[in-house]
Amino acid sequence: MDSFIVVSLIKTVMVFAVLLTTLAYLQWVERKVIAHIQVRPGPYVVGPHGLLQPLADVVKLLTKEDVRPPFVHKALYLAAPFMAMTLALMSICVIPFGPVIRVGGVSTWMQLTDLNIGVLFVLAISSMGVYGVAFAGWASNNKYALLGGLRSSAQMISYELPMSIAIASPLLLSNTLSLRTLVESQAGSFWHWNVLRGPFPQIFAFVIFLISAFAETNRIPFDLPEAENELVAGYHTEYSSMKFASFFMAEYSNMITVSSMAVLLFLGGWMAPWPVRYGSSIVPTVVFAFAGLIALYHGVHPARRRERYSLPATGIVFLAIAAIFLLPIVQTWLLPLFWFCAKVGAILFAFIWIRGTLPRFRYDQLMGFTWKFLFPAAILNLLVTGFLVAWVS
Amino acid sequence: MPADLMPSSGDLIRILPEMVLTVMGTLLMVLDPLLHKRSSNAFGHLSLVALAAALGATVYAYANEGAAFGGMIVVDGFATFFRALVIVVGILTVLSSCRFLRRQDAETSAYHALLLFSIAGQSMMAASGNLIVVFIALEISSISSYVLTGYLRDDPRSNEAALKYFLLGSFATAFFLYGVALIYGSTGTIDLLAVRAAATGQAGPIAAPLFLGLAAALLFVGLGFKVSAAPFQIWAPDVYQGAPTPVTAFLSTGPKAAAFAVFLRIFMTAFEPGGGGWEPLVWFSALASMTIGNFAALRQSNVKRMLAYSSIAHAGYVLVALTARSAVGASAVMFYLAAYAFMNIGAFAVVGHLSGKGERYQDIEDFGGLGQKQPLTAALFTVFLLSLIGVPLTGGFFGKFYIFKAALESHLVWLTVLGLLNSAVAAYYYLRVLVMMYFREPSQAVNEIEPLAPGLRTALFISAAATLFLGIFPNWVLDFAGQSSTLVK
Amino acid sequence: MAAVPISWFLTLSAVLFVIGAAGFVFRRNIITVFMSIELMLNAVNLSFVTFAYQFKKVDGHLLALFVMVVAAAEAAVGLAIILTVFKRRPSLNIDEVNSMKN
Amino acid sequence: MNLLTVVLLLPLAGFLIALSIPRSSPQASRVWALLLSLGTFAASLGLLAWFDRGVAGAQFTVDLPWISTPDIHFHIAADGVSLWLALLATFLTPICVLISWRHIQKSVKEFYAFLLLLEFGLVGVFIAQDLFLFYVFWEVSLVPMYFLIGIWGHERRIYAAVKFFLFTMAGSVLMLAAIIYLYNRAQTFSYPAIVDMLASGRLAFTPGEQMLLFLAFFVAFAIKVPLFPLHTWLPDAHVEAPTAGSIMLASVMLKMGTFGILHYCVPLFPAAARSCAPWIAVLAIIGIVYGALVAMVQPNMKKLVAYSSVSHLGFVVLGIFSFTQLGMDGAVYQMLNHGITTGALFAIVGLLYERRHSLEIKDYGGVATAAPWLSTAFLVTTLASIGLPLLNNFVGEFLVLQGAAIANFKWAIWASLGVILSACYMLWLYQRVFYGEAGAEVRSHVPDLSLREWAAIVPLIVMMVWMGVYSQSFLPPVGKTTALVLEQSQINVPFRVGMPDRKVIFDAETQRRGEQTEPLKTFSSASLRLRVKTGFSSVEVAHAR
Amino acid sequence: MDVILFLVFALFAVACAINVVVQTHPIASAISLIGVMASLAVLYLLLGAEFIAAAQVIVYAGAIMVLFVFVIMLLNAGAESKSGRSLVAQALGVPSLVALLGILAFFVQRLFPRESATHFGGFTGGTAKAVGKALFTTYLLPFEATSILILIAIVGAIVLAYKEMD
C-alpha cells in the first residue's frame, strides 16, 4: 500500500514535470515549424535557436499585470481558466506511455492509473472541457468573448460526436475499454495496429478522429472561437497574464492528450512498428546517432558563431542518447517510451503543419461539415466495423 | 452472431405495429425532398397508409398473441384494443390535420413523422409488460407530443402550450420514475407480473405493502399528470387551448387512452392482489377531476379551452371506473375511452375547421349560426356534443353508463351519484355551443368559413358514425373489452 | 473498511428528489425549473444504482442508463421549446408566460 | 314485428324521411309529416282495436335482445295505461302538424323532423318494458324538445330551452344511477321480471335502499311532472315554445313524469312510496293551489295555461298517492284529460298568437265578435278545463277527489280548492280575451278558423265531450292496470323508514272502504270489484305477518 | 474510508442541490447542478457502477448540462426577479414536500436496516461489459426504443428551433 502511494507520487511528479515542460516547448516547436514553413527563422534570440524562449515567455506572463476587467462575473471569470487547465491535465492520468517496468524490485505501469474504462474516462473529461471555454466567454461580459465561447461550445459538442464514434470502432476491434489492454491488443507489427488491422482497417476512423481532434482543440482550420478578424481573441479576449497562459496550456495539453489518444487507439501505442527480432530496437539508436552526426557536421560549419559550441554539444548528447538506447537494461522501458513519443510527436507535428498550411473554415461550413459529413461517415464506419467484427467472430 | 442477441420472429411480429409506424415515420422524412414539391397531401396519404398498415399489423400481432422480449411486450386483447384505438385516433388526426396544416402553411414531413412516432409510443405503452418499456414508450409518446404542441412556432399560444406541457410532463415523468425505482427497490424487478408475484408474497426481497403503496402513489402522480386528472390537471387547459387544434384533438385522446391503458395495466396487474390502498387516492382524484373540470368549463368562453376542461372531467369519469377496481371497471374504461376518442376528436376537428387561418375563431360566439350556414357540420358537431353530454344512443352515454354501473357494482354509491350530477352540470356548457350553433345568427367566423375539406369530412363522418354505432350497438366493442379486461389470466 | 448503509444512499436520493421538486414548485425561472427536473431525475438514478447494488444485479444500471438517454432527449426538446418561447417574449419568468388566461 | 313496433318505428322512419327531404320544398315536409303522423295514429287505432280488454297485464309484447352485456332488451309492450298515453301522443302529433302548418316558416324540414322524433321518444317512453330502454327513450325525447323550444320558440327561448334541458337532465342522471343500481341487484333491466322478483321475494331491498332508489326515481319524475317546488322550468318552457312544442310538452311530455311515478315508483318501491305518500300528497296539494293562484295573476295567456298545468298535474300526483283504486283511475284519466284539454288550450292560444302576434291578455278583448267559432271552441275547452260535468276533466277530478278523500279527507278538501280556483282564472281569462269591445287590431287581424284549423281543433273538442260523457270507453283497461299496480304496491307492507306511519293511512282506507264503495260503482264497477278483492287479500297478508 | 468518501460527496451533492434551487442566477444553478452530477458520479463508483459513473459524466455533465449552459448563454438570461404568485405554492408545496421527504426517509430507514451496507468493491457487476451485455440481450427492446426517442428529439429540436433562411 505504501509503495503504491510512493510510486504513484513519483510517477505523478515525473509525468507532470515532463508534461509541463513539453507544453512549454511545444509552443516553441510550433513557432519554429511554422517559421520554417514560412521560410523565416522563428525564435532565435533567447538561447541557441531560441531554445530558452519558452522560459522567457513564462517569466513574461508571470510578471505581467493581471488585469481584471470590471463587470465580469467574478467567480466564474476566475474559475474558468483554472477549470480549463485542470480538466485538460486530468486526462493525462489514465494515458499509458509504456508497458510495465521494474525499478528496484517495484514493478509498475508507465501510467498514472489504469482504469478499465480508461477510454470512457478520457471521453468524460474531454466532454467537460467545454465548460472552461464556455464559462470564460460568458463570464467576461464581452460580446466577442461570449460569441467565441458560444461558438466553441457548439463546435466542441458537435465534433465530440464523430470523435466518440470514431473511437468506438477501434474499441470494437480490440474489445476493451482499458487503454492499456487496447495497446496490448495491437502488439506485433504495424499491420496489427488498429489503423491497418483486419478485418476492417480503421483508416477512416483515424482520419475522422484526427479531424475531430483538431476541432476539439480549436486548432486551425477549426479555430473559429478565436478568429481574430471576427472576434478579437474569442473567449479569452479579456484574459491576460497567467490566466491567459492557462488557456494556452490547456489547449496544448489537449493537443497532447488527443495525440496520445490517437496513438493509443490507432497507432499501436508504445508498440514498435515491427518486432524487435527484425531490428526495430536499433531504430532509436540510428535516429539519434544520425541526428547527432548531422549536428556535429553542422557544428563544423556553423551558420552562426555561437553554434560552433552548441551544435557539437547537441551532437554529442544525441550520440550519447543513441548509445543509451543500446543498453539492454534500459531498453525495456526506454524503447516503448521512444515509440510512443515518436508517434505522438508525429501527430503533433501534423497539428502544427496543418496550422501552417490551411485556411480557416467559415462557421456554417464548419458545423455543416461535422453534421452532414463527419458524423454520418463515422456512423457508417462503425456500422461496417461492427458487422465485420461480428462476421469474423 | 450470438443467438441470444437475435429476437425471434415471434418477438418481431408482436411489435410489428410499432415497427411499421417508426419505419414509415422515418421514411416520410427521408422522402421529404421527393414529396415536398409534388402534390399536396402526399405526407398525409403516406401517413394514412402507414396507419392502415399498422392497424393490419395489430390484428396480425393479435393472431400471434403472447409475450415478447421476455415479457417486456405483452400482446393480448387488452393491448390490441388500445393499439387499435390509438391507431384509429391517429387516422382521424391525420385526416383532420391535412387541411388545417395547409391553411397554416405548415405542412411538413416532420409533423406527420412525429405523429406516427407518438402513436408508436402509445401503441407500445398499451402493449408493455415491463415498467421500463412503459417508461420509454411513455416518453416517446410525450416528447413527440411536446413538439407537436409547439409545432406552430410562430404562434405564441403554441409556444406557451408546449412549454407548459413539457415542464409539467417532465415533472410528472420524474415522479413516475421514482415510483418505478421504489418498485424496483422493494421487489427487485420491474416486470409487472413479477412485481405482482412479489407483492403477493410469493417472491421478492422486501415487498413491504406500505412501500409498494408509496410506489403506487408516486406512479399515480405521474400517470395522473398524463391523463390530466385533478389535482394534476393544471397544464391541460393552457396546453389544449394553445396547441394546434388537430394536435389538441390528438392529445386529448391518444396519449390519454394510452396512459389509461398503462394505468390499468400497472394497477390491475402489479398492485391488484395487495390492493395497495390506492383507491381513496383515485376516489378523491376522480371526484376532483369531474368537479373541477365541469365547473371550470362552465365559465369558459373559448371553446377549445372549454373542451379542455371537459376533457379533465372526462378523465374523472374514467377514474371512477378505475376506482371500481374490477374487470368490469376495466372494460368500462376501455369502452369509454373508445367512445370518448371518437366524440372528442370529432368535436375538436369541428373547432379546428371553424377557427380559420391563424386559429382566430375559437370563441363560443364564433359558432353562432353554424347550423344555418353549414348544417352538415353543425349536425355532426351536435352528435359529438350530445355524446359528450351523455345522451342515449350515443357512445358517450354507454361509456358513462358502463362506468357508473361498474362503480355501483363496487358499491361506490356516492361517487356514482356525484359523478352523475356532475354530468348533468356538464350538459350546460355543451348546450351553450348547441345554442350558439342553432339559435343564433351567423357570426363573422361562420360567414368566413370554408367548405368542409374531403379529409376532414371523412374524419367527421367516421367519428360520428362510430359515436352512433357505439351508442346503438355497444356490444361489439364491449364484448371485446370484457374478454380482454382480465389482465392476469 | 467501514461500510455505508444502503439507507444512506436512499435517503440522499430522497433528499435530492425533494430538493428538485421544491425547485420546480418555487422557482420561476424556466431554465431553473427545468434544471430542478434534471435534479429529480438524477436523484432517481441514484436510487436505481443503489438498488442494483442491493440486489447485486445489473438491471438497475440499465434503468439509470435509460433515464439518462431520456433526459438527454428531453433536454434537447425542452431547450428548443424554451428558445421558441424566448423568441417572442424576452423574459424567462414562468409567470409571464400566461397569454391564455381569461 | 307487431303493430306496437310499427307504431313506435313509424315516427322514427318519419324522422329519417323528413331529414332526407330537400330543404327547398317545405310543403313536401309538411305533407309528409302529416301523412306519417296520421299513419301512426291509424296504426295506434289498430292497437286499440286489438287490445284485449280482459287482460290486466301488458300486451303486444316484443322482446328482442339488444345488448348482451349488460342484458338489455328491446322490450316493448302496452298495458291499459300506456296504451292510452301512447294513443294520446299519436293523436296529438297530427294535430300539432296541422297547427304548425303556417306558423312555422323557418327551417321547416327540421321542425317536422324533430316533431316526429319527439313522437318516437314519447311513444317509446310509454311502452318500454326494459328499464334501460325506458331511460333511452326518456332522454331521446329530451333532445328534439330542446331544439323545438330553442329554434322555433319566442324571445327568451334559449334560456327556456337550456333550463328545460338541465332540469330534466339533473333528474334523469339520478334515475340512471338508480336504474344501474337496480340492475346490479336484479341482474336484469326487464321491468316485468323485476316486478316478478319483487312479488316472489327473490329480490328485496332494505328500507334505506328502497327509500334512496325511490327518491332517485321520484325526483326525476317529479321534475318532469312538474311537482311543486320543481316546477320552475315549466312556465318558461311553455311560454317560449312554439305552439306545437307547447302542446306536446304539456299534453304528453308531462305525462312521462306521472306515468313514471305510476309505472315505476309505486310498483317497484311500494313501501317507500307509501311512506312518502303523505309528504308527496302535501306537495301535490300545494302545487294545485299554488298553480291555480299564480295562474290567476298571469298577464300572459300561455303562462296562465302553463300554471294551470301545474295545478292539474297536482291532481294526478295526488290521485296516485292516495293509493286507492279510485284515485289512481282518476289520475290516469286526468292525465288523458289534461292532455286533450290543455293541448286544445295551447292550440287555440297558438292560433290567437298566429293572428295577433301577442300572448298578452291585455292585447285582446272582443275576439268573440271577430272570430265566433274560435271563441266557441275555446269556451268548450275552458269549460272542460274547469271540470264541468259531461266534459272530460270532471270525471278525472271527481275520481281523484274521491280517492283522496278515502285516503285522507283533508286532502280532498284542499284539493277541491283547486277546482274552484280553476274556474276563476279560466273564466276570467275567457272574459278578458273574448268578451268586451273588440279593438281595431283584433278586428282586422283575428279571422275565424280556417278549414285546416277546424281539422285540428274539432277532434280535440270531440274527445273532450266523448271522454266526459262516456268514460266507460276508456276506463276499463285503465282500471285493470291500476288495480294491478295497487296490488303490487302492497308487497312488503309492514315497513317503516322513519316517515309518518303508513299503517295508519292504510287502516283508515280499509275502514272507509266499506262505506264509500257503493256510490262509486257507477264509474267503474268492474275495476272496483277488483280493488276490493285485492285490497282485502293484501290486508289479510299484512295481518297474518 | 468509504464512509468519509460518501459523506464528503453526499454533503457536497446536497449542498450543490440546495444551491441549484436557491441561486437566483441560472448559470450559478447550472454549475451547482454539474457539481451534483459529478459527486453522484463518484457515488456511483462507490456502488460499483463504473460504467454508469462514466455515462453520468459524459451524458449528463458533458452533454445535457452543456446544452443548458449554452442556452443560458444564448438567451443571456439574467437573475430571476421575485414574483408574488408563489405564496399559494408555498402554502401547499412546503408541507407536502416535507411530508413526502419524511415518508420516504421513514420507509427507507425502516426497510433497509443498517446491516445491509455497501462497501467499495462489494459489487463488480457494473462493468461496461456487463451493462452492454444486458443492454443487447435482456434490454434490447428498450434500447431500440430509445433510439427512436433520440430520433424524435432530433427531429423535434429541428422542428422547433430551425430558422428558415429566407
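Every chain is named by a letter (A, B, C, D and E) in the order it is written, and numbering of its residues begins at 1.
Following the convention adopted for this analysis, a residue touches a chain if its C-beta (ideal position, glycine included) is under 8 Å from a C-beta of that chain, and two chains touch if they have at least 3 such contacts.
Predicted, not measured: the structure shown is a model, and the values here were computed from it.
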| item | value |
| --- | --- |
| Both-way neighbours, i.e. chains that touch subunit E and touch subunit D | B |
| Steps needed, at fewest, to go from subunit A to subunit D via touching chains | 3 |
| B-D against B-C, pair bridged by the larger set of C-beta contacts | B-C |
| Reference subunit D; chain at largest CA-centroid distance | A |
| Central chain of the complex, centres being mean CA coordinates | B |
| Centroid spacing, where centroids are CA-atom means, of subunit A and subunit C in whole angstrom | 37 |
| Cα-centroid distance, subunit B relative to subunit E, in whole angstrom | 30 |
| Subunit C and subunit E, separation of their C-alpha mean positions in angstrom | 6 |
| Intercentroid distance (Cα basis), subunit B paired with subunit A, Å | 55 |
| Touching two or more other chains - residues of subunit B | 132, 136, 139, 143, 146-147, 150, 153, 162 |
| Touching two or more other chains - residue numbers and ranges from subunit E | 51, 55, 63, 67, 70, 72, 74, 104, 112, 138-139, 142, 146, 149, 152-153, 156, 160 |
| All chain pairs that touch each other | A-E, B-C, B-D, B-E, C-E |
| Complex interface listing, subunit B residues touching subunit C | 132, 135-136, 139, 143, 146-147, 150, 153, 156-157, 159-164, 166-167, 170-171, 173-174, 177-178, 180-182, 184-185, 188-190, 205, 237-238, 241-242, 300-302, 305 |
| Residues of subunit B touching subunit E in the complex | 4-5, 7, 15, 22, 26, 29, 68-70, 72-73, 108, 110-111, 113-114, 117, 120-121, 124, 130, 132-133, 136-137, 139-140, 143-144, 146-147, 150-151, 153, 162, 186, 206, 208, 210-211, 214 |
| Residues of subunit B defined as touching subunit D within the complex | 386, 389, 391-393, 397, 401, 404-405, 408-409, 413, 416-417, 420-421, 423-424, 427-428, 431-432, 434-435, 438-439, 473-475, 478-479, 482 |
| Residue numbers on subunit E that touch subunit B, as the complex places them | 103-104, 107, 111-112, 136-142, 145-146, 148-149, 151-153, 155-156, 158-160 |
| Complex contacts: residues of subunit A adjacent to subunit E | 73, 76, 115-117, 120-121, 123-125, 127-128, 130-131, 134-135, 137-138, 146, 149-150, 153-154, 157, 160, 177 |
